[in-house]
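You will see two complexes here that share chain A, one where it goes with chain B and one where it goes with chain C.
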Partner chain A sequence: MYDIASIYQARSVADAIRALQADPSALVIAGGTDVLIKVREGKLAGCSLVSIHGLGEELSGVTQASGGDIEIGPLTTFRGVAFDPVIRRCIPVLGEAVDQAGGPQLRAAGTIGGNVCNGITSADSASTLMALGAVLRVRSPRGEREVPIAQWYKGVGKVDLAHEELLVKIVIPRANCEGYTGHYIKYAMRSAMDIATLGVSCLVKLSADKRTVEEARLAFGVAGPVPMRACGAEAAVRGLPIGEAVGRIGRAALEDVHPRSSWRASKEFRLQLVEELSGRALREAARKGGAQI
Partner chain B sequence: MIEALQCTVNGRAVEVGIDPRESLADVLRERLGLTSVKKGCEVGECGACTVLVDGVAIDSCIYLGVWAQGKRILTVEGLQTESGELSPIQRAFVEEAAVQCGFCTPGIIMSAVEIVGSGRQYTRDELRRLISGHLCRCTGYQNILNAVERAVNEAHKFVGGAE
Partner chain C sequence: MEVGRSIQRVDAVDKVTGRAQYTDDLCPRNALVAKVLHSTIANGWVKSMDTAAAEALPGVVKVLTCFDVPEIQYPTPGHPWSVEPAHQDVADRKLLNRRVRIYGDDIAAVVAVDEITARRALERIRVEYEEYPPVLTPQAAMAPGVPPIHEEHPDNILKHTVSEIPLPPSDFRCAGDVLDCPAYHRFSGHYETQQVQHCHIENPTSYAYREGGRIVVVTSTQIPHIVRRVVGQALGIPWGRVRVVKPYIGGGFGNKQEVLYEPLNAWLCVEAGGRCVKLEASREETFRNTRSRHPISFDVRAAVDGDGYLMARSCVAVSDQGGYASHGHAIAANAVTGFRQTYLDQLAHRSEAYTVYTNRPAPGAMRGYGIPQCNFALECMMEDIAREMGLDPYEFRYQNLMPPGYVDPLNGITCHSTGARECMEKGRRFLDWDGLRARYQNQTGPVRRGVGMAVFSYKTGVHPISLETSSARIVLNQDGTVQLQLGATEIGQGGDTVFSQMCAQAIGIPTEDVHIVSTQDTDIAPFDTGAYASRQTYVTGHAIRRTGERFREKLLRYARELLPEAGELDVRGRDIVDARSGESLLSLADLALEAFYSLEHSVHITAECTSHVKDNTFSFGCCFAEIEVDIPVGKIRVLRIVNVHDSGTLINPKLAEAQVHGGMSMGLGYALSEEMKLDEKTGRLLNGNLLDYKLPTALDHPELHALFVETEDPSGPFGNKSLGEPPAIPVAPAIRNALLHATGVAVNTLPLTPQRLVDAFRKEGLL
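Moving on to the complex of A and B:
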């Protein structure tokens, strides 16, 4: 039995927000794969919960809006994202990234919204959502607001989400994914059921002749306390022939990141991973875009 | 505080009083006596508590019992045939000597039920990945993989592998 003081099962998004207003100490639980483990460990023991687990109709599923933006319901599970036809057609890199979280049973329960709201730097969706410039739509009693993911992370495990706010949509603007191909590399000690030592996601838009990098977007997990874009590295390879860009992007990325040592890996090892994996991710992204490299 | 949980467990409609703080694994083991559901790590890493909820394999240790309201739950107890014999998937585990201490077996069998039920054939590497959410402390993975492969092949008459 879990050490939970109370659990309220919300009947709608509005009901969940009302419940959060009513209890200033309540926490939101969605898939439960983070919250319940923290309760078990004692970190969240005795907490009161507002469950949005049953709000699939309002908060789950992926659609393409009329303007071409891709809208992901935050309650969509990792598995739901990975197998969704819209994701597979328009942003397969995001499906591939979330398909590397945990193991099959965890991916059938854990949600992409939870992965975004827990603010963890190693979250498998985070670097790709950063590279895609996702926009996070949150709702509160005062209405909705949109937060670019670049301004979302406020510190270790802290995001720009107030107590009475609920993430209701993850939007990938059409301009940020159309014409791009991407690749995510998770470096971990095990090939399943492990947390990333480093995660890197690279998106690339190639020139018409598939020889030059028109735009690259590079983002990391675990290269700092929060997920981050490597804007310096992106600028350094813009307009370069692909081979040259692959050779340069890693070194350039070293200027953007500031990883730490942890029990999982040293700072020096993470820097080596940043340098090596950035080039590999760019090369694979370019291959998927049709480059002969 | 006790709440009424109504769901379908192993094909039978069930109504049971549960404490909302109980995991689905607690409910199945303690309230319904379905002890094939093992509690191993209790943090969603070992897969010993795997059951199917509406046909999908999940770790029942990190799934609240109250979330099962109205859902269909399947455990190993629900697999035996009408005559009381083992299901073909269970038999494959026996034939391939895929059971050592047996603690991880029910969970892996439930993942195998989902895998076989998908109606697809898989490469060995794909199967490896599909059962990667299970830990076997006896480290008998080769025979487990053989058993899952056999179950998939037998179910779809793909004996001898893909053409």
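Moving on to the complex of A and C:
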């Protein structure tokens, strides 16, 4: 039994926003895989909910816009993202990343938008969306605005989303994914049903001869209180031969991150993972791009 | 032959179709719901409680606190009651306790119309505490001046025992002399194991209601007859006024060999006027408030002669008992006994065991009962000695193994049969031990491979430490089939299936004609102490065999009345046959109809016997593992793993294999990832849920291989020996030893988590 005071099933995005305006204490529920856990734990016991679960037509699905940007409806489930043909063709790394969240049941219920709005550093989509420089389109009674993901995370579990706002699109700009290949490593204690001890996502654009790193994007989950880009490491490997870049990126990334010790893992251990896994992620990303390494 | 057939489980179809009924399926939908209030300190006293706001909440039926409970301390472990007061279990808790001993201790309970109301009521209870600092290790608890966690034990030591085997005539006066003797290779080591939990699928759940002036408790337990006794003791009422019903259960692994919440449930029912009350532990409560495996630290020593023979060993085990005695000193005592057994000391052996109260969640029985802990210490030690002395670890173990006919000098348990050496040989061949040992020498690079092994022995049941008794009843049906009634319990291990096979074998009929009554109802089921200590196929098996043979005699006696002219008779298949020719003379169906409805001589053929078993025997086995270690990220991947077991004759080989798979899985989690972690400041359990407690998933498992060496044990009812617990024992040390082989790094603390490995690799200069 879940201790829920009320649930309003929104009929449209506008209706959901109206419902949120009407109840300043209401929370949005989509797939429910985060909210229901908190209700059960008692943290959200007795809460009022506005459900957007039925808004699939407006908020679900992946499309490629005419300009080439990839637009992901936030209500698309992890499974939906992982198996979507546009994702598989244009940004397979994102599908591979979300396919590592939880287990099959969770991936059939949990949504990529929920993963983003929850603001958790260990979210499996977060580091890849960070590396892809996603843009988050949110709608409020005052209209829409777009937030680059680099400015989205405001602290542990906090994102740049007001009470009356709803995430309506996750946009991957064409320039950020075209020509790149990527690799995500979820380092966790188990091969499934786990949260990341460290998430590493690396995108790379290779030179025409597949020997040099033209551009690299490196982002982490759990290397700090919020998902983060490792811009110093990216700069450090730009223009390097791939083998050298692989050897150097991990050490460079140590300057960008600031993980903390918790009972789940020590700072020293997470730093070791940052150093080791950055290189491994870059190597795999480069391989996928055709590099012989 | 019915014994030895790999028949399908008798409960398979009901379980896979969801038709099998568990406690929660049976609970009336209008039952009241009870929830327990848990303390927010780990050590101290409840000074006062304000329940007015909770009582005022609509839908709340009762709010009861630690100030309301009967002044009765009662014992909780699932041991047979001892008629000797000195051997009785420690009675150290009340239904709810003012003295807070663990973070989350049970201090009050609410009975309400539904779960949400009960939860909301708990939120409204105000508690005032007197708080002491939490004491989370045995060392801290034994320090001078620490307030006692139980006033009966001022030094927090529940028990401390020392034992030494008699020395053969020699110049040595004691084990210490041998261990100090410079003529021998002298070894010492320190090994530690962690606190882990069973993680059975079904959390402890029960409901209780009054009927006819008695209390009926339906519960998910391994030990219904013991639950009846303990509920009677805890409430201070005659045991016959309690009736316990045990339906199918979703696993136990020892956690439900303890009387957990049934007494509180029964008392809440009484206080709620006898209405049906359900009390279900959540997964978080199961982690914190039910039992687990003891963390034990071992300091061991050994003296080995130049030929590689163990001259003497010693073992000091310190077991962290947490806040309540549970099974008391039995587990630490079993751990040092198990450390002594498996191998033979030529001269001497000394054991010392401490069981110490702390403010940890209290451990209790868990698959292996101290042996997964001591076997880790023992098999790490054997590996480390072999390495130090340049001996082959396989040969070193092989030549020191317990010989057939071995009699433990302290408890008299005898090695009636052993396939230990054959198990080792089989495992060695399966893994290509010799080839891989050689191939994986002198590796370099970040990813390395290695092989490791471990050997164990395990007793069968609890004689002579405790009583072994079991009863069975067989009743003829009107169609010539039989019903088998037992107090022994099916807890997912396949007990009902092998009991049916044994019954069929003893009578001479097909297993398909045995209808087993799976539910134990203490008003109806014969007495048996229940599922634990890998005892049921052995002890209950004896009861079934004896009862089946008596039942068979009764069938033949009645058949003789109907066939006065026939020669010697026998029961075969579904018929009474001529013993010599095998010719069918009378079907059992016809015999049954005649026996029930004869106008000449009507008799309902039944048999019932008690078997009081006063023997024990050792089962054996080993684990061989090949692993790959990713050094920079501290990850171990198990490439191949095999357990080889001598559990005597297998009653059902397919089920035996499944039992081994389950145990190996448990061993893998114990080796690599599982550990209950406490907050050092507060004593709060940090990871008491299935996300943060790293039970391995299906994807984390390699293919599990199970092999057997079948001996025929003369003391077993059908040549069989223990199998339930053993598969979980040797996996962790085998993997640790493979890690040592792969990297040269000895990690002596479980579990072998990536962070621990990375720290060790860094310390040893590999990173």
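As a working rule, the second predicted complex is superposed on the first by the 293 of 293 C-alpha atoms of A that agree within 3 Å, B and C clash if a C-alpha of one lies under 4 Å from a C-alpha of the other, contacts with A are read in each partner's own complex, and residues count from 1 in each chain.
In this text, contacts are C-beta pairs under 8 Å (C-beta built on N, C-alpha and C of every residue); 3 or more make two chains touch, one makes a residue touch a chain.
Remember, predicted model here, so these are calculated numbers, not experimental data.
Colleague: Using the superposition on chain A described above, determine whether A:Gly32 touches chain B (first), chain C (second), both, or neither.
Modeller: first
Colleague: For A:Ala192, is the partner it touches chain B (first), chain C (second), both, or none of the two (neither)?
Modeller: A:Ala192 sits against chain B and chain C alike.
Colleague: Between chain B and chain C, whom does A:Gln9 touch in the aligned arrangement: first, second, both, or neither?
Modeller: The first partner, chain B, only.
Colleague: Name the contact category of A:Gln105: first (chain B only), second (chain C only), both, or neither.
Modeller: first
Colleague: When the two structures are overlaid on chain A, which partner does A:Met1 contact: first (chain B), second (chain C), both, or neither?
Modeller: both
Colleague: Scan A:Glu215 for contacts with chain B and chain C and give back first, second, both or neither.
Modeller: So A:Glu215 meets neither chain B nor chain C here.
Colleague: What is the contact status of A:Glu58 with respect to chain B (first) and chain C (second): first, second, both, or neither?
Modeller: neither
Colleague: Based on the superposed arrangement, let me know which partner A:Leu277 touches: chain B (first), chain C (second), both, or neither?
Modeller: second
Colleague: Name the residues of chain A shared by its contacts with chain B and its contacts with chain C.
Modeller: 1, 3, 103, 191-193
Colleague: Contact residues on chain A for chain C in the complex?
Modeller: 1, 3, 42, 45-46, 103, 187, 189-195, 197, 263-266, 268-269, 272-273, 276-277
Colleague: Flag every residue of chain C that touches chain A in the complex, lowest number first.
Modeller: Contact set of chain C toward chain A: 114-116, 119-120, 123, 632-634, 673, 677, 679, 686-687, 690-692, 694, 696-700, 753-755, 758-759, 767.
Colleague: Any idea which chain B residues touch chain A in the complex?
Modeller: Against chain A, the touching part of chain B is residues 19-23, 26, 42-45, 47, 50, 56-59, 62-64, 66-67, 69, 111, 129-135.
Colleague: Okay, in this complex, where on chain A does chain B touch?
Modeller: So the residues of chain A touching chain B come out as 1-4, 7, 9, 32-33, 36-37, 40-41, 51, 53-54, 79, 102-106, 108-109, 191-193.
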